[in-house]
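What follows is a set of structures for review.
The two complexes that follow have subunit A in common; it is paired with subunit B in the first and with subunit C in the second.
For the complex of A and B:
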């Protein structure tokens, strides 16, 4: 049963931000993650502020620079089927399509997907873990099959989003509005690693709202993809995944690359060294293999999640070869 | 009547289909009555603890709360159990697993009931937890009941295994492990209990085995059986899962209804359901076979330990089927099988589709492939060499007198998949990243309860003056199609169309105790009782028809809703005219059908007996593609072949076969209900993964029909055999593809990739483990405190 809370549905962004000033408020967009968290008492809410009525947060628009602006309320289903995204930013469409189930994709929003809470079963269960203010990460000595192999630091969650790695690979920026004005930052710096602050996954202040995401204009000869491995064929979070965005030169060599892993770190995990190694080279079985090997360098598997190392290597290689 | 069936064998529409697809079907939660209260259970905070005190005073004072009950307020018996009575409706002195109930609340709303639960103060003293069945059997382990955790030891003895191993050219010795799995019925547990007008209680609920639940309710209330009426609502699945957990819910709701004098509804959330309900038994299986170079098996020595969890439940029966079937359908003169069940602080384990066979079939069929490899023949050849034929004598000394179709189903499965050619080609293929493989598995399975217990059932057929018919049975429908098959049998015997039949949901006060609807006995037992009932009605109607028309009885037939002259095919009267005449002449309009199963026997000490009155045979063949770089297994083709004796309804048999494979695929590849130090890890389907339509391949089904006189129109079982072979067929296919064998299911990514679980710390010290257990217990405290 969901504990009682107040519910408001403001009709302007300004009003919404005002409502968020009180402590104990939570933003409600699609609700697919929020309601589960409230029901399972992962966290509580005194007041839920629905932003569902804010038309300024919807829609996919061509920007003046040829890029794209995507409102935070855009559903995953819209992202997965938008013709412009399918053509210019396939990694994002693939990421959105690979998330959840059709019903959840109809309801879940882009903003919510980026801000969703981790799926660690200790965090979600009745365990007073570090991330919930306790003093222990139960995954360390417990079952850590689905935990991270990169970037863990006292807490070993993975970031559950499939759109985030795709957007980071595509060079997305996020726009944030709050009581103290608005700011625009690269999506990459939106996420907060546990080493920095163990209680949050992103930089949003309590009275801030992620309003939209913008993508730069696609370069000619840019190709992107998102590939995800999961335990079953549908409706499952990534055990590991990789988002790629590659810009090719006239000779078929890579001019610019972004390689971002999912399902293996507390945030979308960019592998700059692999990107560097690919730059200036054509994608061959050898360069793909080499980049894949770089991607697993420094992996720190726990007792039960060593299989993820293999997944990453195989996925990166396969994804690179598929894009050539 | 062979060859001239009008209804039997046809894909008749299910009698319950229309209600289900239009939303008119009423599931237990859909029943709502005036003044209804909501019942809720306070469950244990710890997997194992002594209850020091329970203070319900604050909860009782809450506005809207009408009753708070603990074990002390139960007027009758607090314990129940079909074999061993050791499960409590509410824990009195000790909790033995996290799903145990401690107190009950009835309140005007769910919200108030939930609030009241939080106000109940229970003080516990923690007890050590045992979560591993083998550890539970070691001296010094924490005891769950009495002075030993070993509560089952079944054996089978045949010949002399020492002699058998001495005759062997080689031995194969392997250890296998299987996991807890959840039934995953779509409808969680729900009941409505109403105080009855003449005293007692009427319960409408999602109950699989009404008569055993009724007995426990009567004992809990301290009243006679006739004062407890349980009516089965339309069930949203059960798969063996709505037995004890529903008994417990029926008792709790009845107790609250008795205390308040008002109707009480109880509905579990999915989390409550997964936390409290019983699971399929995890087994640890030690198999040792001796064999000759030509593949003859000279000895089988088998030891199995089953995790029974906190209560006995069906473990004694489940493990008995395992001990009978542990050698598979293969000749072997020297057999020694021991199956144990141990109490632990895990979820208790009980009946689930397959009932002790999926675990042993995984081991047997893996062993058979290893034997084939050792001897240098194909998996099909080794099974054809060792497989049972007509007149075979099983490990328990039973001579098989029915049509033994093992080799027929095996050949058909192999042929349909192109097994032999593919198996050789894939074995010899070069090592690329994505490799294909094929696997085979077969089994024999005892039909119905066998020597487990009394095996009899009742079905009633009652004709109305307008020619419509009402059928009711003590055999229940939980979605498997029992009502439809009994309706078809009735329609066949009475020469009417199925749409004339209205099937009543089972009501314990309307039919005789027909035992539990388990063990794939519905078609055989309920079907034969239906046939028996319909034949009685038919005899009466033909007599009436003869009196009416002057035609001798032996020239009359009932066909296509008419009384006909069999010789001239002349229609003499409509079925409705005939039933009206029957009424007007004051003749019985009702047939009471009863069927008692043929004799079976079991000698527990000698480990021998005629375990089942007949058996069924099945074979599955799987084709997989394994990504050797990730361990990902895709099942790309599947063949399921079963000898069902006679398909009463081909569409339903095909449905059972496909559903069984899908469920078996989940068992083999995906599903695992993980319990860590007594605490389950997955309480909903976001983490407990069952297969989706994206995971299940196209399934070719082949129905083999060797009619068996033990069943109606030759029909026997289909529900469970379809679910026991997918996992071993897939695991064998993985081996064919990769050359690596998986000894522990589910065959998830890491097990397929590495062939074992990945561990960074090779030996986790016991100190570390103890520290972790302490942490888990601490977390329980927090979990309790935060509520």
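For the complex of A and C:
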């Protein structure tokens, strides 16, 4: 049984933001994460603000600069099957398709996928952990099979999104509307590391809404991909994954690269050093392996998640070789 | 104080005007208030697919849909699959292939399969497996289910 709350259905973004001004409010779009969190008492809500009916938050549109603007209410299923995304931003289509199940992809939205709460079983379970305002991270001395090997700082969650790493690799920006106006920031700086604020995963203020995501026009010789390893063949979160976006020169050398890991850090984990190592080189078995080795540098595995180090190395190497 | 909400919705081709509590899920509404118990309550977390129904033709987990969300939408449950006493071709094919073991996953499997066949009348085996990847069967009966979907007669798939 989901605890009681009031439910409002504003008919414009402005009204929705007004409704969010009260404390204890939560946003409802696809609801696939919200309902689970409310049912499991991960957090509570006095009032739930439905934004599912706001047409201004939907749709995939070509921008005037040749880029793409994707409304926050676009479902994962729409992202996975959109012809423009499949052609120009395959990493995003692959990320969306690799997330969850067909049912959840029909329900879950892009905005929700970026703002979903972590899946750490202590955070989701009946544990008053650091992220919920307690004073202990239970993963440190407990089962940490699915926790992070990079970027942990008192809390060791991984960011669960498969679209976020792809979008960071593709250079996405997010548009945010709130009571004090709107702002546009790189998706990369949307996420908040636990060392900065352990109680949240992104910069959204309680009275702000992520309204859309924009992608720059694809470069002529740009290739991108998202590759993910999970414990079963379908419907699971990433044990580890890698999103790549590579821009190739006429001679086949890499002119620009973005390498972003998933499933291994509290946020999409960009590896600038690997990007630098790839730049100016052709993708060969040697350069792919070297970049993969760089990606695992500094990994800090816990008692049960050391396997992720090998996974990352293999995934990065495989993904690079597949894109050449 | 939680206010109830009035919604109008079409469930199995019948119009309903309903007053719902906002914390009611579509699954609760179907089973507990409308007596449509063919939709099964499994994990209530979006993991098992036993509660799968079609909303505007799309397969969704009814345990993760709030009742107010179906305002103005069209819902199809397992009870609306057959045409009166005439079973849907998918149901016939499930019977022909012994694709029903304990039966708990069957309504959800059928709804996921219907959403696939409505879009794609002759799917590959991989497409069938992908379409039911959000539906768990704990009797390990997947092969018969996949066969049943693949061998549902295309000419009869119109309904």
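Just so it is clear, the second predicted complex is superposed on the first by the 324 of 324 C-alpha atoms of A that agree within 3 Å, B and C clash if a C-alpha of one lies under 4 Å from a C-alpha of the other, contacts with A are read in each partner's own complex, and residues count from 1 in each chain.
The criterion applied here is as follows: a residue touches a chain if its C-beta (ideal position, glycine included) is under 8 Å from a C-beta of that chain, and two chains touch if they have at least 3 such contacts.
Worth saying up front: this structure is predicted, and the values here are computed from it rather than measured.
Asker: Answer with first, second, both or neither: which of subunit B and subunit C does A:51 touch in the superposed model?
Answerer: The answer is neither, since A:51 touches no partner chain.
Asker: Is subunit A touched at more residues by subunit B or by subunit C?
Answerer: B
Asker: Touch test for A:210: subunit B only (first), subunit C only (second), both, or neither?
Answerer: neither
Asker: Examine A:106 and indicate which partner it touches, taking first as subunit B and second as subunit C; both and neither are also allowed.
Answerer: second
Asker: After lining up the shared chain so the two structures overlap, which partner does A:304 touch, if you call subunit B first and subunit C second: first, second, both or neither?
Answerer: In the superposition, A:304 contacts subunit B only.
Asker: In the overlay, answer first, second, both or neither for which of subunit B and subunit C A:141 touches.
Answerer: first
Asker: Touch check for A:315: first (subunit B), second (subunit C), both, or neither?
Answerer: A:315 contacts subunit B only, not subunit C.
Asker: After the superposition on A, what does A:28 contact: first (subunit B), second (subunit C), both or neither?
Answerer: The second partner, subunit C, only.
Asker: Where does A:235 make contact in the superposed view: on subunit B (first), on subunit C (second), on both, or on neither?
Answerer: In the superposition, A:235 touches subunit B and subunit C alike.
Asker: Which subunit A residues contact subunit B in one complex and subunit C in the other?
Answerer: In subunit A, positions 1, 36, 233-235 sit in both the subunit B and subunit C interfaces.
Asker: Quick check: in the complex, which residue numbers of subunit B touch subunit A?
Answerer: 110-111, 114, 271, 433, 627, 629-632, 670, 674, 676, 681-683, 686-687, 689, 691-695, 748-750, 753-754, 757-761, 764, 768, 771-772, 775-776, 779-780, 782-783, 786
Asker: What residues of subunit C sit close enough to touch subunit A in their complex?
Answerer: 1-3, 5, 21-23, 25, 44-47, 49, 52, 55, 58-61, 63-66, 68-69, 112, 115, 129-131, 133-134
Asker: For a test of understanding, state which residues of subunit A touch subunit C in their complex under the given definition.
Answerer: These residues of subunit A touch subunit C: 1-7, 9, 28, 31-32, 35-36, 38-39, 48, 50, 52, 77, 100-104, 106-107, 233-235.
Asker: Over in the complex, which subunit A residues touch subunit B? Could you list them?
Answerer: 1, 36, 40-41, 119, 121, 125-128, 134, 136, 138, 141-143, 229, 231-236, 239, 301-307, 310-311, 313-315, 317-318
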